[in-house]
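There are two complexes below, and they share chain A, which is joined by chain B in the first and by chain C in the second.
Then we have the complex of A and B:
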């Protein structure tokens, strides 16, 4: 018998893989039949409400939990803070109340608030002003790195550009806020959790509750987004479990939107002063930058490991200062920290190109030799495709030299990279004697189409229609699978399922070979039949009937180095936009993304990831921003009126082009979830500079910043 | 939110009576699109909420001598659909620019005129004037969305009404009922708004027990054109950074009469006589429209973070004037 090897089939023979297939859960999501954590409402469920701090820095000096325990409807009270504890940012949780009705919980929180007293402490919330931060003793050196000789390179450079760039803190903004529904059944705890980590959260609940992780079942059937902010049980999740225990009733605790904005996780800010230089040929010879920013009260900031992004120039010097701000703590935000690195690197490069009087396209093309991870040639191909789609050479004009009139059109581009290697995944695949196929895994579909990808993989491998396979995920009682973060899920789950399905198929082939007296090596599964060469041997059901009474159960694991999956993607984005110089409004005309990501399982889902990335990118590039009030220390726009997010009317024409020559197919499956969100900030900033002739240095590019920049003021 | 009584009057007189109770610690429910936010945030805590929607006289649009009487409960959607209102172009433009279908269907004209400020200090519990320990948080704070005109006193928020600038430009009047149940008066909308010196003064002349029942629009005349221009950052639900409503009367291509009112730039809708003067006697051109814009913001006193709004307000006036001219020329 020939050696049996895991691998993907020939591209030309695929029936489902690589095609555009709608989500298998589209209908249940569109109709509301899909139940999210926020929808979980088992009999007797209590409503929870939170008391959070209005102070950015304070010490809790008094609170009387007993005062509210007997209020109407109140069933449980939980203290996050004890008297004497410090509050370090506005919105930090102080207490929670669970009551029969939401308004009773709200009343109790109000009553509790009246008993709370604080010693107000000095706060600092200005993330952009490093001098002020230093004066307030809020800065900390975070190291430097050097390569080559920047000073020497600057002396001989043809063009030197000095600039300031920045990107403000934003908050996580999942459609479904953080939260859980907790219900005890004896010593066992059932948690419906809005999480990116079904398999990883039971132990986080168990330890603080003093029970075994085996007593905890975490369920997450559907997710309203996570983006890196939902890996933890979180103190409010533990509180829900404790209050459920105290009340002897289920408790649902979802963060309200304002609290979600304040404590659900932020993306750190980054500001730089940079000197960058190029030779006469337009190649960058030196990069010298000083960085500051904040990741919250712990200081920190944007990790500079990959600056200047994603290039490896010959001479580089960089140093960083972290600012400790009394603002909510950061959490991984889609492709951390690449969007910030991209947004503060590539505008500086684009400004250098303008100084050299070069077309940005030519400049970036020339400097692809310096890109990391050996992706230069792929970037070049992607640039050509994107340029053709957006008509770059025809539309491009030197900076600020477009047509007359108050509305100025401009082009900009940026490029990005991401790992996306496969995560750990174990799945159990069952083939029942009646031919039914299902798999079980403790992974989660955070909205990215994981269910669909898994079913396509199984169905393609087993030669079945999509309806012929079923996936069960979203329970911690299923085989462990990695958290969905880092774009590792698609590689993890597709690799494990391909291995499981191939292994199972081989076992079936052996049974068929013995029964029908054919060679197992010559068998294939297609269209619900087992074929020997082109001849039908039996139907899928007949083959499965050979299993007898018991289902065939196979475990699939990953990742393995068998070629099913790999890592490292890249992409190029180009944007055509208009800036109204009378109002400062930026309108996207057309946004083109060309993205490589290895082998694509479902093109529709892949494109949907890209479109989502572009929209999220337009949000942080143009509208989205945490605005802190220095005087009160409060997050002054923590509401959906003033924390501005674009609607579908704001995003323009979005074009997602998947770069997929055979060389990409041969790389196997690679994650795509995060990378498309990296480049929009830089691409849009560059296009605005191209349109109006001046750089608006800090994102988001609000009307205020655009008009201030036009006026020559500091944006 | 705090508990409150719910009252549902059937007549204007009943409403006035019910509103006057509890020393005026009452709130009006019209469309409720903002009342709900205010109650939930605890910005207001009325002892009674008076729901006007069962008062049939507050609904609908009718022709009366001297113009068009628009019930305060007329929704934005009805403004867009009612043929009687079709000649009042600027009002249609405002209703359309609200974009949110939910607000258009639920929100009322009277509610818009009485909309409390969106100032984030006010909404976060620092009072109408945005003060902490007697000091203005707005003056040296995050004031990018605040006033650039009429902001030298304590009030630095901007009037929230979307329709008031255009209605004032039309010379609209409001009918105010109460506080005596049988009492009512017509007041020019221009004089309906006040700039409070203390946080308890309110943003309009309405006293406890009073409410707006109708808006009276003047008759349409030939040679008259209106337009609104709102600068919105988002295509979806958003509040203007600045807006302008204009009404122009022309003859032989020359402006004979001009009313220019800015919105979202001052604690009240801002009537700019200077902008009107810049237009009267002129033909409408890019230059004269720009001159009106310049005149409108000439006396602006921007705060620390909102100088950019001067540019936006100037643009809004200029473009509203040009839009009105296009209407006169029959260009959409």
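Then we have the complex of A and C:
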């Protein structure tokens, strides 16, 4: 018998893989039938509300929990803070109440608030002003690195550019807020959790509750957005479980919108002073930077490691300073911290190109030799495709030299990279004697299409229609699978399922070979039949009937180094936009993304990841930011009215081109969730500079910042 | 944040109540001149008085039994007058398709139909909805065959996490019914009150384009 090896089929022979297939749970979501954590309503469910701090820095000096315990409907009260505890940011949780009805819990929280007293302490929330932060003793050096001789390189450079750039903190703004529904059944705890980590969270509940992780079942059938902020049980999850225990009733506790924005996760800010220089040929010879920002009280910010992103120039000097702010703690935000790195690196490079009087396209093309991870040739191909789609050569004009009139058009580009290697995954694949196929895994579909690509993988491998296979995920009682973050899910789950399905198929082939007296090596599964060469041997159902009474159960594991999956993508984005110099309003005309990502399982959902990335990118490039008030220390736009997100009419024409030569197919599956959200900030900033002739240094490029830059004149 | 307007004030989607006058600001703005405006007010006030007679007496602060017409069925709940339609739908009746996202009328995730017109359930008290026909996303999707809007959402991948999707489904359904053959620009304006965080606008727009074309062709 020939050696049996895991691998994907020939690209040309695929029936499902690589095609555009609608996601299998789209109708369930669109009809409102999909049940999220916030929709869990088991009998007797109590509703929880939270008391959070209005102070950015304070000490709790009094609170009377007893005062509310006998209020109408109140069944349980939980204290996050004791008298004497410190509060370090606005929104930090103080107490929770669970009551028969939500409005009763709200009443109790108001009553509780009346009993709470604070000693207000000094706060600091100005993330952008490093001098002020240093004066307030809020800064900390977070490292520096040197390569080559920057000083010497600057002396001989043809052009030197000095600039300041920045990008403000944003919130994750998950539409389904963080939260859970907790219900005890004896010693066992059932948690519906809005999470990106079904397999990883039971032990986080067990330890603080003093029970075994085996007593905890975490379920997440659907999750209303996480973007990197939902990997934990969180203190409010533990509080829900404790209150459920105290009340002897299920408790649903979801963060309210303002609290979600304040403590549900933020993306660190980044600001940079940089000097960058090039030779006469337009190649960068030196990079010298210091950057700062905040990730909350802990300081931190945008990691120094990959600065300048994603380049490795000959002479580099760089340093990072963290600022401790009394703001909600950061959490991973889609592609951490690449969007910020990109947004404070590539505008500086684009300004250097302008100083050299070079077309940005030619400048970036010339400097691809310095890109990390050996992606230079792929970037070059992607740049050519993107430029053709957006008509770069025809539309590009020197900075600020577009057509006359108050509305200025401009072009900009940026490029990015990400790993996207496979995460750990174990799945159990079952083939029933009647031919039914299902798999089980403790992964989660956070909206990326995980269910769909698992079903495509199984159906393609077993030669069945999509309806012939079923996936069960979203329970911690299923085999463990990694959290969904960092674009590791698609590789993890598709690799494990391909291995499981191929292993199962080989076992079936052996049974078929013995029964029908054919060679197992020559068998294939296609269109619901088992074929020997081109001849039909039996149907899928007849083959499965050979199993007897018991289903065939196979485990698939990953990651393995067998070629099914790999890692490292590039990607190029180009944007055509218009700026109204009277109002400062930026409008996207056309936004093109060319993205490599190895082998694509479902082109439709892959493109949706890219389009979603562009739209989230437009949001943080143009409108969204956490606005902190220095005087009060408060997050003053913590609601959906003042925290501005684009609507359906604000995103222009979007084009997602998947870079798919056979060489990409041969790389196997690579994750795609993070990469497309990285470059929009820099690309849009560069296009605005091209349009109006001056750099708007700090994202988001709100009308006010655009008008200020126009008034300031010089880049 | 919740507006304590008169229980009978008729608010257009996206607007909070305008005091107790009982007419819609949007309807008022539609009028082109004082005469029109005056007649709109007069009619609205008459309607409001007529409605008021039908409304049972509600005691402030006390839970009161309300009979609501939801998805063609009479549903009885006992809630305080301050309880929103959204809370009643989600927490009392387990109709969880309408989502609670902003609670400030800024995102459209809780869109339902009230007497056939789109409205935000987070901006309505349940008691305001007495005598009105409420249709939720579940009600629009109770048939055996998928609604055309849902079919188009599926085809064009107009969902990611899916949390905003039911709101978009109801808003799109109402928009398509009112605007068969609408242009892309009209769609972008008409669905501008709904927010998606994952970034499904491209699929949503393509789906809506197909829906309005289908509606024009076949009156679906």
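One rule holds in what follows: the second predicted complex is superposed on the first by the 712 of 715 C-alpha atoms of A that agree within 3 Å, B and C clash if a C-alpha of one lies under 4 Å from a C-alpha of the other, contacts with A are read in each partner's own complex, and residues count from 1 in each chain.
Everything that follows uses one rule, which is that a contact is a pair of C-beta atoms (placed from the backbone, for glycine too) under 8 Å apart; a residue touches a chain by one contact, two chains touch by 3 or more.
All of these numbers come straight from a predicted model, not from anything done at the bench.
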item: Contacts of A:629 with chain B and chain C, given as first, second, both or neither; value: first
item: First, second, both or neither for A:103, with chain B first and chain C second; value: both
item: Chain touching more of chain A, residue-wise (chain B, chain C); value: C
item: Touched partner set for A:649, first chain B, second chain C, both or neither; value: both
item: Contacts of A:703 with chain B and chain C, given as first, second, both or neither; value: first
item: Chain B versus chain C as contact partner of A:61, first or second or both or neither; value: neither
item: Partner chain in contact with A:23 - chain B first, chain C second, else both or neither; value: second
item: Which superposed partner A:42 touches (first chain B, second chain C, both, neither); value: neither
item: Contacts of A:641 with chain B and chain C, given as first, second, both or neither; value: both
item: On chain A, the residue positions that both chain B and chain C contact, one per complex; value: 103, 639, 641, 645-649
item: Footprint of chain C on chain A - complex, ascending; value: 22-23, 25-27, 29-36, 38-39, 41, 47, 101-103, 173-176, 222-225, 227, 254, 256-257, 446-448, 604-605, 607-608, 611-616, 639-641, 645-649, 651, 654
item: Chain A-facing residues of chain B, complex; value: 1, 42, 99, 118, 120-121, 123-126, 132, 137, 140-142, 144-145, 231, 233-239, 241, 305-308, 311-312, 314-316, 318-319
item: Chain A to chain B touching residues, read off their complex; value: 54, 103, 106, 110, 406, 582-585, 623, 627, 629-632, 634, 636-637, 639, 641-642, 644-650, 702-704, 707-708, 711, 713
item: For the chain C and chain A complex, residues of the former touching the latter; value: 1, 79-80, 82-83, 87, 90-91, 94-104, 106-107, 109, 136-138, 141, 146-147, 149-150, 153-155, 157-166, 169, 185, 187-189, 191-205
